[in-house]
Amino acid sequence: MSLEALLPSAIDGLMLGFVYGLAALGLTLIFGVMKVINLSHGPIIALGMFAVFILFSSFGVNPYLGVVAAALVGLLLGIAIYFVAVDRVIDATELTTLLATFSVNLMIIGVATVIFTTSPRSIDIDLGALRAGNVTILGTHGVAVAVAVLVAAALYGFLFRTRTGKSIRAVANNRAAAELMGIDSRRMLALAFGIGTALAMTSGALLATLFSFTILSGGTYELKSFVIVVLGGLGNPTGALVGGLVIGFLEGVLTVFLPVAWVPVVEYVIFVAVLLLRPAGLLGARA
Amino acid sequence: MRDLRAPFLPALLVFIAAVAAIPIVSNNPSLREELFLVLMLVTLASSINIIMGYTGYVSFGHIVFFGIGGYIAFWLMQTFNVHFLLAAIASAIPAALIAALIGIPILRLRGAYFALATVGINEAMKSFMTNFEPFGGAIGMFFSFSIYLQYGGAREAAFLAYYTMAAIALATVATSYVIRRSKFGLSLMAIREDQDVAMLVGIDPARAKVMAYVISAFFPALAGATFFFKNGIIEPGPAFDLLRSIESLVMVVLGGIGTVAGPIVGAALYEWLRGFLITNPTFANFQLAIAGLLLLLTVLFVTAGLVGSLRNRFPRLRAYIQ
Amino acid sequence: MILDVEGVTVRFGGLVACDAATLSVDQGQILGLIGPNGAGKTTLLNAINGVYRPLAGRVEFRGEDITGLRPFQVARRGIARAHQVVRPLSDLSVIANVTVGACFGRENLGLGAARRVAQEVIASLGLADKSETPAGKLNVAQKKRLELARALAARPMLLLADEVLAGLNPQEVAEMLTVFRTLREQGVAVIMIEHLMHAVMNVCDRVVVLDYGKKIAEGTPQQVSSDPKVIEAYLGDPKVAAKFLEEEGA
Amino acid sequence: MRGIRFFGLTLALVGLVASACGGTTTPGATTSAAPSQTTVTKDLIIGFTASQTGAQNVTSKRQTDGIQLWVDDVTKVGGIKLKDGTVLMPKVKFYDDESKTDRVQALYTKLINDDKVDFLLSPYSSGLVKAAAVVTEQNGRLMITAGGADDVTMEQGFKGVYQVYAPGSKYLVGAIDLMLKLDPTIKKVAIVNEKDSFSASVVAAANPYAKSKGLDVVVAEGYDTGTTDFNPFINKIQAASPDAIIGGGHFEDGTTFAKQLFEKRVNARFVALLVAPPEPTFKDIGDAAQFITDRYVAKYNSQPSYQSSGGYAAGLVLQKALEDAGSTDPAKIQAALDKIDLMLFYGRVKFSLDAKTHGKQVAHDMVYVQWQKGSDGKLATQIVWPSDAATAPAQLRK
């Protein structure tokens, strides 16, 4: 055990937590609006990584422009996924929607594996670093945090300040009532799925600027998103952001006291414990 | 009972046993390997069907019991040189106990929460095993080859594993059938449809659910013990493979959720399809994508699965196909 | 008395849904439970069969204190329940639905015996030709009958019937009332929540009136219907209420 | 450019090393068939599985390429000529094992019983090799393992499994010797390795060895296969400020680990990582890349790698055994394999004959390369250990 590692580990973890939170935000938004757990979340995160990678390596597009492009692609992709796989079964049991989104997972992984193989890729960006004592903050990590904060803020602005955003929240609260008020709930559901997907792709795109990845890398972040979303309360966007920070911070700090490999055990135990003791999450789910 | 007009169960068991005997009679080891896998998947799918199809609880991380059974049995065989059959049973009992212990709290959760909790438990178990050195940690355990000597050699051990897996599959299917036709099964289906109503007519849902969960954990544990005995190697990844877990759900849905024959049909079909796609040069690369497409089509348009749709289309068949 | 409810109080947060309610019913007796919407009638039934645990008070069934037992324990002692909002087990056939009722109740029948009981009950309620239909595919009236059939199949000693007549046409109502009379002849006790006043007048031996969770009147249907307190509770203005009751009773 | 100085000091070990050693066997060099005999040409079907999908897919592909390359080379010179005049034309038969042990077992059973292949090579990665070994042993067949360096596999009393890779236990022990020879004052060492069969067996030997040499192991951590974020480990390392870091695993994680060590400016004087650094794609971490030895590229017309060399070498070992045996009779081939003592481009190959560890590689030693700045100011890999094969003396950061 080395307390000297505490500060740098906590900072590293917390910064990653912002990006985790962004991914979890996408998952929780979809669940909150339509009670669907999106099992294609992981591959979509991976697609975000590859969107940036292709734009960067084949067309020389700045990775951060690539992040924007990934978000736009994500929006359209999400809407497409909604109409192809989710719309028809939106009122069916959770098993049905789980399997429907899982089938999308298989298709994305299947096709993308053929195109990209499972070879690891990485995007090399050097934005320098901030160093003080044994704390090193890499420029790429700093920018990722900033982008994550911006995106989350923009989402909140959208959900709470715009007419469309309010409609989405109305549909989330009570679909039948929203329809009586003249809201086209199907359009809102599709849009929500699109935004959720865009968030996942954005977080994937940011992760691609930090670490190397393969088309299968999304799985890890998908599981992490589950943990975060449950921690913050399924369907609660603020909970997802806070949960992301908590998990990031824990991942950083726990490594100081435990062998690093034990950290996931602790994470999953917390995950199950929260489900059992506080199924609404630490922050409580939105009614 | 009067409504057992069609000798469905004996017919089904004889059919499975007959198919299982083919590689033995024709002495075809590679068919034996394929069928070993199919029988294992039948066991997994039928077990999941008990908790998911009959009771309505989507146990996404059900593979955890397969892994637990495999690990405990493997450890017993390797460390204490316990006979395989004994080790298999000795591993299924703690697996069932664990199911009871975790079942009591998590079966209170409903819908997506339950599904997520089972995923969490599986992942927790996997990462725990990855660090648990007595069971070999991340590398897992590997048989000393001499272990197989007490069964007459590695080849004979493979046969023993095959017979055992066939027996487990038959037992699972028989259990699944008996449950479906029993009062206990009826209580499970009532819980699936409406837990509150079930409670109001006199069913103790907590008890019935835990029972179903324990039964559905028992057989996968046996299957895990057998599978890893034959493999001679166990690692956390293959033991707690979430993808395999989800694939078993897919098989249930493909064949027909809540029916006895559905999981069998689904497992055989899924495995056959995968075998076909993998060895077919045109489709090999798109294997996963095609599986996904098929699943989506099933989920969207053939909700009841193959067996379920048959039963719906031809009500007369209901007496003959369960 | 087969059932004695004494001073049962149920509270949801600050709202007292049931305030020291007291009633009793005997074998072969049909007790009407009436009152305006939100008077706590359904809550009281829920307190009797264990869905809610009363904050205070006592429920005694056949001399046994059953206060705070779980619903399935109450059901096994011979109390059955038919819901206001029908809750069929949609994917199961009609016969399976009713067999469920017969299986797990007081007599704890085997599957075969339960099925025979179910067949009888189904026939007596005119659902025989729908026996193999999935319950979800029945129409509303049929679902109502199914709901009652499931409760009756348990061969209860006490039936808690929550607005089983609502939404039925006059002929269907008449058929249902016959069923209740038969039950009475068989010695079954019934507590029925009902808004159809003429049905209450017609079939109930006694009536208990709840308002804001409190019992405000009890007696024969005639006594209760002329009680000004009751009329006021229903409509505020006794004159309008009297007129209303006359019309509906006609 | 600061990175270059750092990586100039990164030591790496690698299996594929210079043909500086004598006695090299190459495909074209064998002409042992007597000219008078009539030649019968037969196909020699070589079966194995490849991980075309799943976790091992990249490295497995390299091994398959290596095997294929050997087959092409042999075909080019007209096959393997046996003493009795038979000419064997090798052909490969392989399936996708999805990197799963159960697929491996089903497919090896199929290869043996349905496809009736003449000879078996192994899949890639220690875990899959074990699974395949169980099946080949069950069927009483021979298998040369191209990609499995784990020690435990070879200590199970197998009869027909032969290991080409040096067993894992050897991989980092030499690095510790080298390090202490360069600077006996080194005291604190951090060991961070991948948690897979191979790397674990490396560390299982290296850790006690380090302690026996009086070193203080200040960090001993394992990371999961597929780890991309090493910062938790690096923070721990930094807090413990070791003189040396050893460990790693395979290519991808090793590269990432090295890159992140550099980003965080870890001040170790000696870094030895498994497998990764000699790879040409090591360039991902900076300018250090373009200096991989041109020689391999020219000679084999393919990017060399540890894994493809393993595949190629497994082919060569099989070829030598067939030539020595002079027939395709399994018993004779097995006898020939037992006797083999071969110097390949790859290193020396000799198998253990002890009953318990039968078939384990006993002769192959690891070679260590270091990125060094040449007189022209550019970086190049130099072999620095063992000393008789060294192309340059090892350098240590001052």
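Note that the chains are named A, B, C and D in the order they appear, and that numbering of residues resets to 1 at the start of each chain.
Just so we're on the same page, a contact is a pair of C-beta atoms (placed from the backbone, for glycine too) under 8 Å apart; a residue touches a chain by one contact, two chains touch by 3 or more.
Being a predicted model, the structure only gives us computed values, none of them experimental.
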Open item on the list: Taking contact as defined at the start, I'd like the list of chains shared as neighbours by chain B and chain C.
Closed with: none
Open item on the list: Using CA atoms only, can you tell me which chain is the most central one in this structure?
Closed with: B
TODO: Take the average of all CA coordinates in chain A, do the same for chain C, and state the distance between these two points in whole angstrom.
DONE: 50
- [ ] Could you give the separation in Å between the centres of chain C and chain D, each centre being the mean of its C-alpha atoms?
- [x] 79
Task: Whole-Å gap between the CA centroids of chain B and chain D - done: 38
Task: For chain B, residues that touch 2 or more chains besides their own - done: 130, 138, 287-288
Task: Residues within chain A bordering two or more other chains - done: 113, 259, 261
Task: Multi-chain contact sites of chain C, meaning residues that touch two or more partners - done: none
- [ ] Indicate which of the five shapes (line, ring, star, complete, other) describes how the chains touch one another.
- [x] other
Open item on the list: Which pairs of chains touch each other in this structure?
Closed with: A-B, A-D, B-C, B-D
Open item on the list: Touching residues of chain A toward chain D in the complex: what are they?
Closed with: 2-5, 8-9, 12-13, 16, 113, 117-120, 122, 124, 129, 131, 134, 136, 138, 210-214, 216-217, 220, 251-252, 255-256, 259-261, 263
Open item on the list: Can you tell me which positions in chain B touch chain D when the two form their complex?
Closed with: 28-30, 32-34, 36-37, 130, 137-139, 142-146, 153-155, 157-158, 227, 230-233, 235, 238, 278-279, 284, 287-288
Task: Residues of chain B touching chain A in the complex - done: 52, 58, 60, 105-106, 108-109, 111-113, 115-117, 119-121, 123-124, 127-128, 130-131, 138, 246, 249-250, 253, 257, 285-293, 295-296, 299-300, 303
Open item on the list: Quick check: in the complex, which residue numbers of chain D touch chain A?
Closed with: 53-55, 57-58, 195, 221-224, 226, 228-229, 231-233, 235-236, 238-240, 252, 255-256, 263-265, 284
Open item on the list: Under the definition above, what is the set of chain A residues touching chain B in their complex?
Closed with: 31, 35, 37, 84-85, 88-89, 92-96, 98-100, 102-111, 113-114, 223, 226-227, 230, 234, 259, 261-262, 264-265, 268-269, 271-272, 275-276, 279
